[in-house]
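Across the two complexes that follow, subunit A remains constant while its partner is subunit B and subsequently subunit C.
After this line comes the complex of A and B, so read on.
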């Protein structure tokens, strides 16, 4: 019994010695990983309808009848690797732009969100079928918030090809936005 | 839990995750755009510099002193015909036809002609699409009323995509010429009112 008491006392002394005088150090390795995020979406009508009209005899169809729609917003969340910038490319697909007409797209400045929101093109971007065009460049890590870049579609006569315009032609295109490096 | 139950749960979980993934945002999005060019074929007669508005008065007169000659003709080219036209896909050109109501030309020893003349330079695409301009005899002593409500005549053809402008002097020049046949003095002096209607139609 005495031997048992001695043994318990011995371990107790060692334990208390460790608490009182010793520092037990342990190291843990953590890897923090921030995902590469590329998310965009368009908020607005599922279909934009642009119709050209004029009702005054003699009036030009060049300016008074330009059809515009600014009801959509482009929202984005982007986290880029170091020293990488992204851009948003816009492409018209799956259809055609009516003969003699032009379809242009512009993105307004984003006044919400935070971060490196990039640079919108100052001039409207003329869309061409199956040809990607830069809409916003210089995008870093950022988010637009719930508002985003305001999109404006403009549809009207192309001054260089007005003589080829046909009426009563309805055309459809799908506008594809791609966030890429 | 049986093996079958476990497999069922896994299948359900896979389906749910797949569905969520399908509707999640990614780096590509799209929006549909439809574009339509509505039909445009618009005409309007405007006064131009005519003091009586769009109403034109032509009178074979001129004698204020006994023995003076009667004017053998009278004309007016002050009014304008304005147009905006978009060509069509299936009928690529248009024609402007005129109809006439009123007028009594039979045995009048007079002739009334109507011509569209070249517009000013504000007319967009005139040389390419403004059309071929004609002169039409509306009525004469021999044939009576040659243009009626049912018998129209083309005053311009082969019109495509163009517009004339909306200024006072813009548009086709409308020219009416009223003459005494062979310089004869019209028999039975009379006043005869008539109305000209311009209609733009697709060329068939």
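After this line comes the complex of A and C, so read on.
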């Protein structure tokens, strides 16, 4: 019986030793990868309609007839690599701007979202076919939220070429926004 | 419950139809079509120091008398189609002008402010009940508004070279009032 007690005590001591001092350390290596994200979209009507109009005889075509539309918004999500800034380039494509006319675009400040939302151009950007122009620069990692940058299109006579304007019922052009480094 | 679902569906459809994402979005590129339209424009009006009557629009009228000594200016704005021009015509709208009386209208060249292809005066015409062109070759332009803008109009009342003095006595020339209408239209 004493031999049995001794045996049990021996095993208990070994077991308790294992609990108290047998700390096993294991290391796991995790690689967390944040994807390089650059997504933009424009929300608003399917087509922007801009129609100039004047009804006062003798009045300047330049001042009274600018057509404006501010019904669309630019939204984006961007995650940039370290020390990288992005910009949004805007280009007119697949069409033409009527002779003697100007098509300008401006982006309002973005009041929603978080992060490094960049800097919008203060002056309206005159659009030219197949020529990319900066609309927003200095974009870092950010998201605009569900509102975004309010886009304002402005269509009217170019003061230097008023005499070349011609009546034109339809003139399409595609405005392409590109988020790029 | 069905009503609730229908209402929610309707609201969703309305929201997506107005404010849905309609442009082509592909990753870092978004595309939106823009339609630009330039409607034709042809408006004219009169300016001056003693206008009796004037209506703005494509047709503008005034009333003149033999004592009319004021100066009238014709202002207009025009946007034309490619390879097309507008013209302005003038005609009398009073039919009881004595045959012995002739009214001549002298149209000056475009002056003052404005821009573009303003029209060319035909010079002096004798007004009749039928419209006669007074300004031609009007392209896309504007003359500016008010006196000293556009084309100056001067009226001259003269007697017919072979007028019948006895017939003329039947009229009180001082009470004569004659309407003149100006119309801007496409030069087809």
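The rule is simple: the second predicted complex is superposed on the first by the 164 of 181 C-alpha atoms of A that agree within 3 Å, B and C clash if a C-alpha of one lies under 4 Å from a C-alpha of the other, contacts with A are read in each partner's own complex, and residues count from 1 in each chain.
The working rule: contacts are C-beta pairs under 8 Å (C-beta built on N, C-alpha and C of every residue); 3 or more make two chains touch, one makes a residue touch a chain.
Keep in mind the model is a prediction, meaning the values are calculated, not measured.
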### Task
Return fit or clash for subunit B versus subunit C, each positioned on subunit A through the superposition.
clash
### Message
Quick one: is A:72 in contact with subunit B, with subunit C, with both, or with neither? Answer first, second, both or neither.
### Response
both
### Query
Between subunit B (first) and subunit C (second), which does A:85 come into contact with in this model arrangement: first, second, both, or neither?
neither
### Message
On the A-aligned overlay, A:48 touches which partner chain: subunit B = first, subunit C = second, or both, or neither?
### Response
both
### Task
Overlap the subunit B and subunit C contact sets on subunit A and report the shared residues.
38-42, 44-61, 67, 72, 97-98, 100-101, 103, 153, 155, 162-180
### Message
Show me the residue ranges of subunit A that touch subunit B in the complex, using the header's touch definition.
### Response
38-42, 44-61, 67, 72, 92-93, 97-98, 100-101, 103, 153, 155, 162-180
### Message
Show me the residue ranges of subunit C that touch subunit A in the complex, using the header's touch definition.
### Response
18-23, 25, 27-41, 43-45, 47, 56, 60, 75-77, 79-82, 84, 114-117, 139-146, 149-150
### Query
Which positions of subunit B touch subunit A when the two form their complex?
25-40, 42-44, 82-84, 86-89, 92, 124-125, 128-129, 160-161, 163-166, 170-171
### Task
Report the residues of subunit A in contact with subunit C in the complex, numbered from low to high.
38-62, 67, 72, 74, 97-98, 100-101, 103, 153, 155, 162-180
